[in-house]
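Here subunit A shows up in two complexes: once beside subunit B, once beside subunit C.
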Partner chain A sequence: MRVATRLVPVLLVVAVVMLARAPFLIDAAPYESTMGLVQKIFYFHVPSALVAMTSAIVCGIASTVFLIRRRRLADHVALAAAELVVVFGLIVLVTGPLWARKAWGAWWVWQDARLTITLVMWMLFAGYLLLRRFGGAGSEVLAAAVAIFGTALVPFVYWSVNIWRTQHPTTDVVATLPPEMRWPLRWSMLAIFALSGALLILRTQLERGRAELEDAYAAVEE
Partner chain B sequence: MTEIIRAAWLIAVKDLRVEARSRELIYTTVFFALSCLLVFAFAFVRGGRPIPDTAGGILWVVIVFAGTLALGRTFERERQTDTLRALLLAPVERPAVYLGKLAAVLLLLAAVEALVVPVVGVLFQAPIARAPWLLMGLLAAGTLGFAAVGTLFAAMLVRAQSRDVLLPVLLYPVTVPVIIGGVLGTRAIFAPEPDFDTARLMLTMLVFFDGVFITIALWVFGPVMSE
Partner chain C sequence: MTAARRHTRGWWIAWALTLVLSGAAAAAQAPQDDFLLAKPGDIQESLPATPFVFVAYAFAWAAVAFYVFWMWRRLARVEKELAEVRGRLQSPPR
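Moving on to the complex of A and B:
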């Protein structure tokens, strides 16, 4: 945990510096021939989606560890990761339609498997947070079970584009990008991952502090 | 293994016996399903005729709504009579409790569906006799997937606050693949030009998700239900 605490300022500085530089790099990147300016959303949309999916997996693993071992730390990590899924998922769900309006002519397309599953995954983790907030005592164990189901959906989100008929660009897009577009994407990806790492650690520590305070209150009352 | 199945069978029989004596769940669930159909009859019928392609969706919405209600009630009953702890203290493997509860819920929902499907056929002019085995397969696989997650969630929410609203909030997103499969498969059968290949594909998908859901639920039920 001490290592993690030292890591936070480093990650935050990296994230701030990189995020400050990112708009210039994105601006310098060439315009996509058919979509023009809106394509630039891509540089934030894709990293946010990756962070959301990674956080969902982190939440699922932490929840599994918590269910088996009952370590509090695992539970705190799971909660922090679930909040990241909801926050970055919201960024994905807002930036996606903004791009789709221009590229597809519609804000939302229901036949698209990836859109549907992304929305479902986001709702599931929002439900996870609702359960933890309003479920009362012992809800962290129940939430862990929900998180495991949510994580089982992640592979379907990632592969849905390649398996099912869908309008969403496939995952090959990233690998086939011209270098002058790949660079800004990698840059913003690193920046957003650094930011999310810092947020994950900070939120976990906050939750641990909250739990310790609760224990102290309980001890005083006894 | 046979031990688990025998214990699950005993729990299912116990649940069904309680139900046979009170008939609380079956009556309330069936009438709730009929009330839903009444709402749909006004929402999706225009000029005396049902809007095309809606019957499949209506059928599944009714099943999901009625199923949510029934799931909540089966465990609420254990809580009210304070028998949940006794059930969990029983010297059997935890998965047996889950399987027994699931079997009882499935039989109850099958009874409800046996009534709701013909009513949908009559009220919304759905050709339910067109491919009876395929339709039954879709209903069975869809209900199994829905109830597999539903039984787990209803069981674990039994001691949580605001469980009535949390059950659908958590259950619907998780079971969405099952609902999609059921609706699309049923719609393919009911369509003016039936597409049995799509229906069969959806049935395969439902069976796959059933496997995934039951595996996770069986594994999670033990740790979640321990005190």
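Moving on to the complex of A and C:
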């Protein structure tokens, strides 16, 4: 945890510098032939989605470790990662419909598997946080099981566009990007991943601080 | 032909029509697999894109800023409270 704590300022500086430069790179990126300007939402939408999915995987792994070994740190990491899923997932769920309204002519297409599964995954992790907030003592075990179900949806979210063909672009879209679009996307991705890494560590520290506080209060009462 | 057979045949026709129509609809809504660069003068916007892009970026930035601020406040509160409780633990009992 000490190494992670030392990593926070580095990650934050990298994130801030890169995020400050990102709008200029995105502005300079060329327009897409059919969607035009609105396609530029892509440069924050896709990295946010990747961060949300990665955080869901982190949450699932940490929850599994917690269920097997009952390590407090694993529970703290799981909670921190679940919060990141909800924050970045919300960004995805808001920016996506804004893009869709212009590109497809509809805010939301329920038949689109990617959209619907992403919403279900987001709701599961929002449920996880509600359970942790209001579930009372022992809710962390139940919440860990919920997190594992949420993580199981990640492959479905990722590959849904390739399996059930709808309007959403497939996963190949990133690999086949022209270099003028690939570079700003990679830049934004690195920036948002650096930021999410710092946030994950800070949120884990916050939870550890809360646990220490509970222990300290218990010691005072004794 | 009995009424039951007519009924079954009706269901089969409806099912076949549904399959054909859904296939045609899927073909009509062919997904976009790659992004191509626009040539100058290609883009003719019917619905202005600027507000959508602006709201999307504003929301993303606001959400991240709010979350960072909220985290910073929670961290500061916990650290302050922890320092107080530790102080109480270390001070000699009266």
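The definition used in the following text is that the second predicted complex is superposed on the first by the 222 of 222 C-alpha atoms of A that agree within 3 Å, B and C clash if a C-alpha of one lies under 4 Å from a C-alpha of the other, contacts with A are read in each partner's own complex, and residues count from 1 in each chain.
Rule of thumb we're sticking to: a residue touches a chain if its C-beta (ideal position, glycine included) is under 8 Å from a C-beta of that chain, and two chains touch if they have at least 3 such contacts.
Keep in mind the model is a prediction, meaning the values are calculated, not measured.
Once the two complexes are laid over each other on the shared chain, residue contacts for A:G136 go to subunit B alone; subunit C is not touched. Of the two partner chains placed around the shared chain by superposition, neither subunit B nor subunit C is touched by A:C59.
In the superposed pair of complexes, A:A152 makes contact with subunit B only, with no contact to subunit C. In the superposition on chain A, A:M123 makes contact with subunit B only, while subunit C stays out of contact range. In the superposition on chain A, no contact is made by A:A82 with either subunit B or subunit C. Comparing subunit B with subunit C, the partner in contact with more residues of subunit A is C.
Judged by the touch definition given at the top, the superposed model places A:I68 against subunit B, while subunit C stays out of reach. Looking at the complex, you find that subunit B touches subunit A at residues 149, 152-153, 156-157, 159-162, 166, 169-170, 173-174, 176-177, 180, 212-213, 216, 220, 223-224.
For subunit A in complex with subunit C, the touching residues are 23, 30-34, 36-41, 44-45, 48, 87, 90-91, 94-95, 98-99, 101-102, 161, 165-170, 172-173, 176-178, 180-181, 195, 199, 202-203, 205-206, 209-210, 212-213, 216-217, 219-220.
The residues of subunit C lying in touch with subunit A in their complex are 26, 29, 31-39, 42-43, 45, 47, 49-50, 52-53, 55-57, 59-60, 63-64, 67-68, 71, 74-75, 78-79, 81-82, 85-86, 88-89. Residues 67-68, 116, 120-121, 123-124, 127-128, 130-131, 134-136, 138-139, 141-142, 144-146, 148-150, 152-153, 156 of subunit A are the ones that touch subunit B when the two sit in their complex.
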